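Please go over the structures that come below.
One chain, chain A, appears in both complexes that follow, with chain B as partner in the first and chain C in the second.
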Partner chain A sequence: MEYVYSILILVGIYVVLASSFNLIIGTAGLVSIAHPIFFALGAYTSGLLAIHFGLNPIAGTLAGAAVAGVFSLMISLPSLRVSGDYLLITSIGFQLGLLQVIKNLELTGSQGGLSNIPTPIAGPERGWIFSLVALAAGAATVLLIRWIVRGPYGRAISAMRDDELAFVALGRDATRIKIVIFAVGSALAGIAGGIYAFYFQYLSPEQFEILASGTMLTMVVVGGMGSTWGPVVGAVLLLALPQAITFLRLPLSYMAPLQGMIFTLLVILFLFLRPQGLVAPEAPAPLRHKKQ
Partner chain B sequence: MFDPAVLAQILWTGLATSSYMVLFTIAFSLVLKVMKLWNFAQAGMMAIAFYAMYAAVNRFAWPTAAAVVFGLAVTLAATLAFEIWGLRTLRARRSSSLLFFIFTLVCSEFAAYVLTLVFGTEPVTLFPEILSPVRVIGQIAVSDWDLLGVGVTLALGIALALYLRFSRDGQFVLAVSDNAELAELYGIDAKRVYLVAFSIATVFVCAGMYLYGSRTAVIPTAPLQLMLFAVIATLLGGMGSVLGGALAAVGLSLLQSYSVLFIPSQWQGLILYVFLFVTILFFPGGVRRGFKAA
Partner chain C sequence: MSAVLHLEGVFKHFGGIVVADDITLEIERGQILGLIGPNGAGKTSLFNIVTGVVPADAGDIRVNGVSIAGKGIHERARMGIARTWQNMRLFRTMTVLENMVVAPREYAGESMVRLCFRPGAVRRADEQACEQALAILERMQLERLADNAVTDLPYGQQKLVGLARALMNDGPCLLLDEPMAGVEGHAYETMKAVVRQEAQAGRAVCVVEHNISFIKDLCTSAVFMSAGRILERGQIADLLASKTLAELYFGT
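Then we have the complex of A and B:
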């Protein structure tokens, strides 16, 4: 049963990650792939606060989200100056540079990773309580993003994505939108990091490398970039599919690369056969005019 | 610490070590210059090149020359398939740069997973013996590997410069890199030029992986890190300049080598990312152009 709970927890966490990543990359069109580093910042912050100060998980997770939100400025500020490919490469540099710091600091456990993160719940109920928390966080994230995207702010985000020059010419503030989108998306990733840290109790810098960016991109692309429900479908599908081959009982050395191959093959197939993903983006909600 | 002999030794070792980095950077910046493509699939090409040569040497017991030809053939086949069945389709659909990025990155990851499945995650070198004979010239230790690295890099770099400058095909490559649509109006087949550019890049990638793999152990995901160095050097050198990229690769390698004198070795990698960040923010067109503009 613990195995099923851990899958459910991962589904919840990855729904948060894929949906918040989609908000940045799909809805706002800001080409950054550094999302795993905000996941890492949330996880390490909440883990460290719990280890050294005994902070409770809710406060720790919120602190992790705040740190991730603040660090997002290091990507959102460059995005005011560069865009497209340049922003993408800046984000790679930011992600790998910060990981280099995490790998070398004794405080974060260096290369060996951060272990002994205290768990707030022990006993048989631990699995289902964490599943409930992770799935609730996933659902809340989707609803929050749906609310943002379908409202007037969402229309402004889409307008900025489609034609930033015209958007600015109309007197709208693209700078503020970029900063807010990055902060919201990154803080959500930080929350996912907090849940991950308190459940798995161990963090390794390797799990936040560029391959993690590929995993999150896969979920967004396969699910449907720019759609609210697409990343949810992508996350569930891509976490469920590799589980199917676990029943083949192959050695671990075969299992991990096979799962990776399934992941990457799916993305390649989707890029060519169904580039819009499984769930196509919704048409923008019509403007509601007040009755006179 | 600042003994001239030590500084000279670091200079030579840094130059020799930069050889494969220069080759990777030339491959990356040539594809970017000609096709306007940030080819993150180069990491996959590098991994395929290494493991094809590794299999030829260690599993089929082929001689080195045959292994290199085999590595070149396998990598070329994979690269041309990637261009013909992948990139052409995306180009025909006028896909966004994000989709190109995803496709190239995912191809690299796919190659890494396949190679992990076949060869495992144990670090391996091309040859069982990685130490090469050393002679002392002046007060500097110079190994056979150093001479091979510098020699191969210079030879391939000069050959590429002569090819681009004096051959008809080379001129076509330059024309397409300047303006592909205009070049096509003049009857140049841009698709063929793209294949030529990828073929040249494959030669540089194979040579680089031969040098790297004969001295350092490789795992299937290692080329991704190596390729990022090429990305940074390309940015620093200026995106339209293959020579600029190559010089930037030498400069970055020397900087990393000399940084041992000032900072602990584990922090050397961070220098690259700081450079990347600063370059993109302040010199997005390359350092030379950035200063000119200023």
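Then we have the complex of A and C:
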């Protein structure tokens, strides 16, 4: 049963990660690959606060989200003021650089990882309570993003994506919208990190490598870029996939490369054959007016 | 009376090409100024300089006496400079009404803080923008197309929507970049009528246009530009009578 719970928890966490990554790259069209590092920032922040200050998990997770959101400004403020293209470059640098810091700081457990994160719940209920929390976080993320995309803010984002210069010339502050979306997406990844830290109680820097953004990107592309429900479908499918290949009983040394190949192949196939993904994007809510 | 839009000694070059060479001009309330000249004269570039799309190298631009130097594109729009584009630049995935609702000088929905803490105020602002947009569309007899995708409209009507979107900005200054190119028949008459009404309502309007009869019908005065310089300015009839200008313009 613990196995099922851990998969449900990963589904919840990856729904948050894929949905928030989709908000950044799909909805707002901002090309970044630094999503794993914001996941890490949330995880390490809440883990460290729990270890050293005994902070309760809810406050710790929120603190992780806040740290991820504030750190996102370090990338977005300088690069988005110039042009969207610079975001990709700074995000690569930020992802690689900050992970090196995490790998080398004694505070974060350096290469060995951060262990002994206290768990808020012990006993037989632990599994289902955490599953519930993770799935609720996933659902809340999807609903929050749906609310953003379908409302006046989403209308502004659509217009910005259609023609940014015309949008700005109407008096809209496109730079601020991008910075806000990037911060919201990053903070959500921080929440996923907090849940991860408190459930698994151990963080290893390897799991936040740049390649992890490939997994998230696959979920987004397969599920449907810019679509609200797409990343949910993508996350569930791509978490089920590795579980499915474990039944092939291949040696472990084959498993990881095989998984990588399947993920890459999926992205390529989808980009060629079904670029909109499995679920098509949702339009903003229609404007209601008297003349209808 | 002081001018609504005042350009003084505006200079801009791209490498060796001078697109604005010491441009000084004023547009007053209610005036429709025609900006004419051959292709490449720097007319659209002048609009881009005024709206902040390209920064001027030198000179000053003032709106109602306030300098807009150093302000960003969106800040200038908020100060009341509305413009249209020669190729319209409509938001192609959106309906006519949606194109217009994001276009007022203040759009409450672009602030996440207001969306979270004052959702009622945002909703009311949205409703108000809808009403304003429908009123503008009604003047153009386009209100029944409000919920159509802009890309479904014929070219002339898209051009009108471009103007309608710009009119959502209730600022004092309106810049129209070739509003008539590709527009005929009913849409042509509508465009002319609406631009005239806007000037009568007190806006300062500047029109870049190759359609000379449109300029003759609407504008009282005009400036003639060539190679980034203002060659002549004055009453429209005098300009058109000038032989040197006819040569430059029509190459005859």
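Convention: the second predicted complex is superposed on the first by the 279 of 292 C-alpha atoms of A that agree within 3 Å, B and C clash if a C-alpha of one lies under 4 Å from a C-alpha of the other, contacts with A are read in each partner's own complex, and residues count from 1 in each chain.
Here, a contact is a pair of C-beta atoms (placed from the backbone, for glycine too) under 8 Å apart; a residue touches a chain by one contact, two chains touch by 3 or more.
From a predicted model like this one, the values you see are computed outputs, not experimental measurements.
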item: Partner chain in contact with A:I58 - chain B first, chain C second, else both or neither; value: neither
item: Touching partner for A:D162 - first (chain B), second (chain C), both, neither; value: second
item: Chain B or chain C, by number of chain A residues touched; value: B
item: First (chain B), second (chain C), both or neither touched by A:A136; value: neither
item: Contacts of A:G93 with chain B and chain C, given as first, second, both or neither; value: first
item: Which of chain B and chain C A:A240 touches, first, second, both or neither; value: neither
item: First (chain B), second (chain C), both or neither touched by A:V180; value: second
item: Contacts of A:T264 with chain B and chain C, given as first, second, both or neither; value: first
item: Residue ranges of chain A touching chain B (in the complex, touch as defined); value: 25, 31, 78, 81-82, 84-86, 88-90, 92-94, 96-97, 100-101, 103-104, 210-211, 214, 217-218, 221, 253-254, 256-258, 260-261, 263-265, 267-268, 271-272, 275
item: In the complex, chain B residues that touch chain A; value: 38, 89-90, 93, 95, 97-99, 101-103, 105-107, 109-110, 112-114, 116-117, 120-121, 221, 224, 228, 231-232, 235, 266-267, 269-270, 273-274, 276-277, 280-281, 284
item: Footprint of chain C on chain A - complex, ascending; value: 151-153, 155-156, 158-159, 161-163, 165-174, 176-177, 180, 184, 283-284, 286-287, 289-292
item: Chain A-touching residues of chain C, taken from the complex the two chains share; value: 51, 53, 72-75, 77-78, 83, 85, 89-95, 97-99, 101-110, 112, 115, 122, 126-127, 130-131, 134, 143-144, 146-147, 165, 168-169
